[in-house]
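See structure below.
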Amino acid sequence: MHYLSGPVAVEGAEPGDCLVVDILDVQPYENIPWGYTGIFELEGGPGGLFATEFQTHAAKAIWDFEGIYASSLHIPGVRFAGIPHPGIIGTAPLHELLQTWNQRETGLIKEVGEKPGPPVASPPEHKGAYVGQDLPDEVRERIHREGARTISGREHGGNCDIKNLSKGSRCYLPVFVKGANLSVGDLHFSQGDGEMTFCGAIEMAGIVTFKTSIIKGGVEKFALKQPIFVPSPIDPVYSQQLVFEGISVDIRMHLHHFGGSVINLSIDGTGKQYNMDATVAYKQAALNAIAYLQKLGYTRQQAYLLLSAAPIESHVAALVDSPNACVTLGIPTAIFEQDILPKPEGLEKKDHGQCAIRSDGVV
Amino acid sequence: MHYLSGPVAVEGAEPGDCLVVDILDVQPYENIPWGYTGIFELEGGPGGLFATEFQTHAAKAIWDFEGIYASSLHIPGVRFAGIPHPGIIGTAPLHELLQTWNQRETGLIKEVGEKPGPPVASPPEHKGAYVGQDLPDEVRERIHREGARTISGREHGGNCDIKNLSKGSRCYLPVFVKGANLSVGDLHFSQGDGEMTFCGAIEMAGIVTFKTSIIKGGVEKFALKQPIFVPSPIDPVYSQQLVFEGISVDIRMHLHHFGGSVINLSIDGTGKQYNMDATVAYKQAALNAIAYLQKLGYTRQQAYLLLSAAPIESHVAALVDSPNACVTLGIPTAIFEQDILPKPEGLEKKDHGQCAIRSDGVV
Amino acid sequence: MHYLSGPVAVEGAEPGDCLVVDILDVQPYENIPWGYTGIFELEGGPGGLFATEFQTHAAKAIWDFEGIYASSLHIPGVRFAGIPHPGIIGTAPLHELLQTWNQRETGLIKEVGEKPGPPVASPPEHKGAYVGQDLPDEVRERIHREGARTISGREHGGNCDIKNLSKGSRCYLPVFVKGANLSVGDLHFSQGDGEMTFCGAIEMAGIVTFKTSIIKGGVEKFALKQPIFVPSPIDPVYSQQLVFEGISVDIRMHLHHFGGSVINLSIDGTGKQYNMDATVAYKQAALNAIAYLQKLGYTRQQAYLLLSAAPIESHVAALVDSPNACVTLGIPTAIFEQDILPKPEGLEKKDHGQCAIRSDGVV
Amino acid sequence: MHYLSGPVAVEGAEPGDCLVVDILDVQPYENIPWGYTGIFELEGGPGGLFATEFQTHAAKAIWDFEGIYASSLHIPGVRFAGIPHPGIIGTAPLHELLQTWNQRETGLIKEVGEKPGPPVASPPEHKGAYVGQDLPDEVRERIHREGARTISGREHGGNCDIKNLSKGSRCYLPVFVKGANLSVGDLHFSQGDGEMTFCGAIEMAGIVTFKTSIIKGGVEKFALKQPIFVPSPIDPVYSQQLVFEGISVDIRMHLHHFGGSVINLSIDGTGKQYNMDATVAYKQAALNAIAYLQKLGYTRQQAYLLLSAAPIESHVAALVDSPNACVTLGIPTAIFEQDILPKPEGLEKKDHGQCAIRSDGVV
């Protein structure tokens, strides 16, 4: 799923310290100026925001890098500045903390129980565990048995997939063990807030350069339960955005309802009302954005991949107005060749072809 | 809770059209250059993000407006540019849509069942219903019986509390009934993403000025299930932020765990693991920010009110790495008099007094 | 030319202090939601950047205000957020300082001597002097005789026409006399860097609201020879610009020179080489921008007025590479309805009509 | 003075075309993570904005690069994001155009005549001419005799030292000769608007990567007399600035004038009034900024070097209010470790040591 470098021991780092990591540079290998964004199949796949909605078929887009910009033959008509960053950056946990993770996550697996679709969590087990070579068998065995999977972010940071941990940003991480044991990886050329599909960022092969320093006792000084950071002053500025709203209802709506006027649009959600659920609200905002992009001629898969990979901004608008959480999703208008703003005459629907996909779902 | 003006009928608007609303101006009454942000008591209160955590006592902050800036004697040391906006803007629903709302929300109330704390939703009932005067009794009665409460945002917009619907923004709303019947209200001088406390924005008395136009058939043209908008080019720019992370675990951590080094910080969460829950992740990021602000000398209530009212930015970072959603919460550093960035020597803890509160919770 | 309010005495202000002025608000009268930008005739006019080049005829554009935006029937196809500001803000000079101004400016008039075209400076004289009413004749006489004209900015601030002294900005002015005697006026709804034409900003009738405070001894504390300021965080953000370069040569170029290929463009400058002259470089950048805008179908007068009134950014790029100063002029692309970026197929030349002008020059 | 790579012939480029150059990357050599900014001695030096004012001694600052940031032991207390860019980018001129350059520049030299100080222009001559090797003697001779010096920018672009031609920007250059013959060089890690000292940018050894394409007939299509460009979306954002004003008067002011209050500050300018001279106005704004920085404890040389190298913004505010041009110079406050904004208690004057300089002026 992702490569990881480390752990790197930082001399002098002790439990309770704050590890300061300056991200100096993140870039693709000079000879690999491309990356990809993918949608997995629901069947046996790791999921994705719309796993059950429309991941019956796998799909992907290959992105070509040209300086700071990414563009794709699979999603024509867009070109945007990347925000290269490591999807993963984290220190090593204490053994007690590791146990806490395993307990709570296996607990969740039990709680949810057997159900179709992607797993809710990945327990420590032999299957699918990849660890460094040259380890004594019993050590490797123990890692398989106790080591937390790196799919999800946790107190130490880890796979948080925060798009703004880009070059020029400074991160402050809690140190749990002697040496901190920093690991970094899962490089992305770009990503949208939320990283909708499981492989939603523009995954790239490249190099991350960073510098570390230590603030003694930083955990207590800064109440550092989890990493904090200061973003880079050179993250791309796209001042104009088209913003979509979503609430915590899986909306079901049929527009022939519209006063009898025949309108060819129907929303086939379940109609279920959720209780202040920002995840559902985000999904709804995304569905609204996808429907809009389809009006511009993009396929649902292209829209799904584009929103995952482009520098979209998703804000938690309000978590106060029971029962509906409200989340917004903003698309920078300047990344499109065509003007995407609403027009009295409607939107220009262009033929953008489609992303890499095979009708039998095998790519 | 909030005042609402309307409904205003827009000539020519028909079901299926898109109502374009240009927010021309939002400002407080000249003779009321102040507003407030409040925390309700848990007991009998409407809730808030941390209702059960620390709303045993009511609290509030009065904000003084000076041109574009807000500051408060109850939360000293900060001054920020407001983003005045209406918390509520929405068209009127079809009767069928109204019924859908009432059904799904009463359904949720049943589903959740009896439980302590704030209500999960507000059903249509006589109690607490405020409607325009001069109405025939049977009409008022019917509104009490069928009219959806305006606390939550829905397909038509409504109380979405989106901080960027400020002057200079343009909104596109779906029209469900003849004339659109636009309502606007709940003016805020400023608000942070998420509006943590129930009365978390800076509530103000003022005037909103807008202009409307119509795009025929806009619902179909733009797949307009819910409002979309283009933010204003004059929303405040605070380029540097200190960002906090949160994941979907109600973290429990005791720092004496930290390799024996005695550290006076413990996180008393339940330790519960949630399944990709962005609401929990937002709450965790908020708790981390509050703990940090306490290191600067702010009380928990002051921090809670400040994060609710100031122009903080909360992004949905990732909803992909099961089981942990990741949400970030960014505080603009320039709104503080003091330098709040982490320093090797630690943070300067100042005495900021406290917000308006009484130990018996009665304000 | 412009209205001025003041002088306002600030209690406690003494020579050597710094007068802090917070611009709280600048807005047009509610019942006068419009302004204008003008080009004067060369004959008897006050000048303008291109007085001798193409001000044979007077012209003007009326701008309609709609919330934060300005648009004009005289310059169709553009709409931009204003940066309302006072063109003039200044303290009163010492009498010695006043004498210095009069001496150096009358000196310049002598130095330049008789020449056609607009005056290089305006000496204190009876002609064209407007002063407050209800003054004893000898006082008025003396003001006519000694009072500096308010056309130009000076050490005290004055008519500097800095577009970013908008609401939310804070100015620090040197105090020369007891009470500071602050004057403010010449309100603009918007202006481009440089204010090309003499009446180049969008002149409006309105109200400016400000607050003052004093920093004792600020002149010495801050080496305050002239005003300094901190711009507002809500000045409009237009991230994408099309930028034109200019150097200190009044370029003369004939494009049939272009390798024999017949090209219908010739630059009829004098060909004169100036010595590191940023004013000439600015004019050249402006001429390049005007020529470009003409390719979009705007008349030379429309382009001249637009660049004067819209939020264009002009930077002093380099004053080091003898003999050519380099100045850039950037036009925000988002203020145009059409896409103005260079395209392989060329620019779309639209009929934008023309601004208010009469062939006999009398408007 | 600067290295130059090229000329590079672009296949298909013909006179009258527009050469589109995408700046893909600009970075220092990995093994040379440093650069320098210098002040030349007046004696025999090439000048600089304040050559005659305070360049009696040479001075310099070495800048260390750390990812996107630059800092210097010679100017402590500041750290800023660079905007790496080529100071020079230009196509080759026609022979007629070359002659025009030589005529007008030698004409200026004659016009100015013998005077002390740096040369006003550099005529084509054997002295100081550096050309590619392996050329027949007569060719090299002719280049010495006719080739324009690359010190100054001209119609073709050249050494314009525009700080925003950074990675991600797109330039449109006029093509004068077959193949365009593009030259690029003089790499800077960072530069302030104006590049005050002759060697004012952070000169670095590095690599620039670009891509070219051609727009046929672009010169006519875009009225392309000189290059135009679209800046990069990732240029650093420093939203808060402290801005200084300057007007076209070499101000002379003695503060004992200040109502008798004894103030230890006097401005020893000549008092000369210039006629709408933006170069003088820029110099005055710079002098005001330097005086302010001295109050923070920086030496005049440190301030001079800092303003030359850091991302300062200089705007042409107004060229309309005869006789005083107004130019502003803005310093981003976030690049300083200390808070540099004016405070009631005055500025904290720290000991920042001094830059590399020897009292005898020999470095």
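For clarity, chains are labelled A, B, C and D in written order, and residue numbers in each chain start from 1.
Note that in this section a contact is a pair of C-beta atoms (placed from the backbone, for glycine too) under 8 Å apart; a residue touches a chain by one contact, two chains touch by 3 or more.
A quick note: this is a predicted structure, and the numbers were derived from the prediction, not measured.
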Matching chain pair for B-C (criterion: over half of the contact pairs shared, by residue number), options A-D, C-D or B-D: A-D
Comparison of A-D and A-C (more C-beta pairs in contact): A-D
Distance from the mean Cα position of chain C to that of chain A, given in whole angstrom: 48
Between chain A and chain B, centroid-to-centroid distance (C-alpha), Å: 25
Euclidean distance of C-alpha centroids - chain A vs chain D, Å: 42
Of all residues in chain D, the ones touching two or more other chains: 233, 237-240, 334
Chain contact topology (line, ring, star, complete or other): complete
In the complex, chain C residues that touch chain A: 237-240, 334, 339
Residue ranges of chain A touching chain B (in the complex, touch as defined): 14-16, 18, 20, 46-49, 94, 96-97, 100, 104-105, 107-108, 112, 118-122, 151-155, 157, 159-164, 172, 176-178, 193-198, 200, 215-223, 225-231, 233, 239-247, 249, 251-253, 255, 257-261, 263-265, 267, 271-279, 281-282, 284, 287-288, 291-292, 294-295, 313-328, 330, 333, 341-344, 346-347
Chain B to chain C touching residues, read off their complex: 22-25, 66-69, 81, 167-168, 209, 211, 232-238, 334
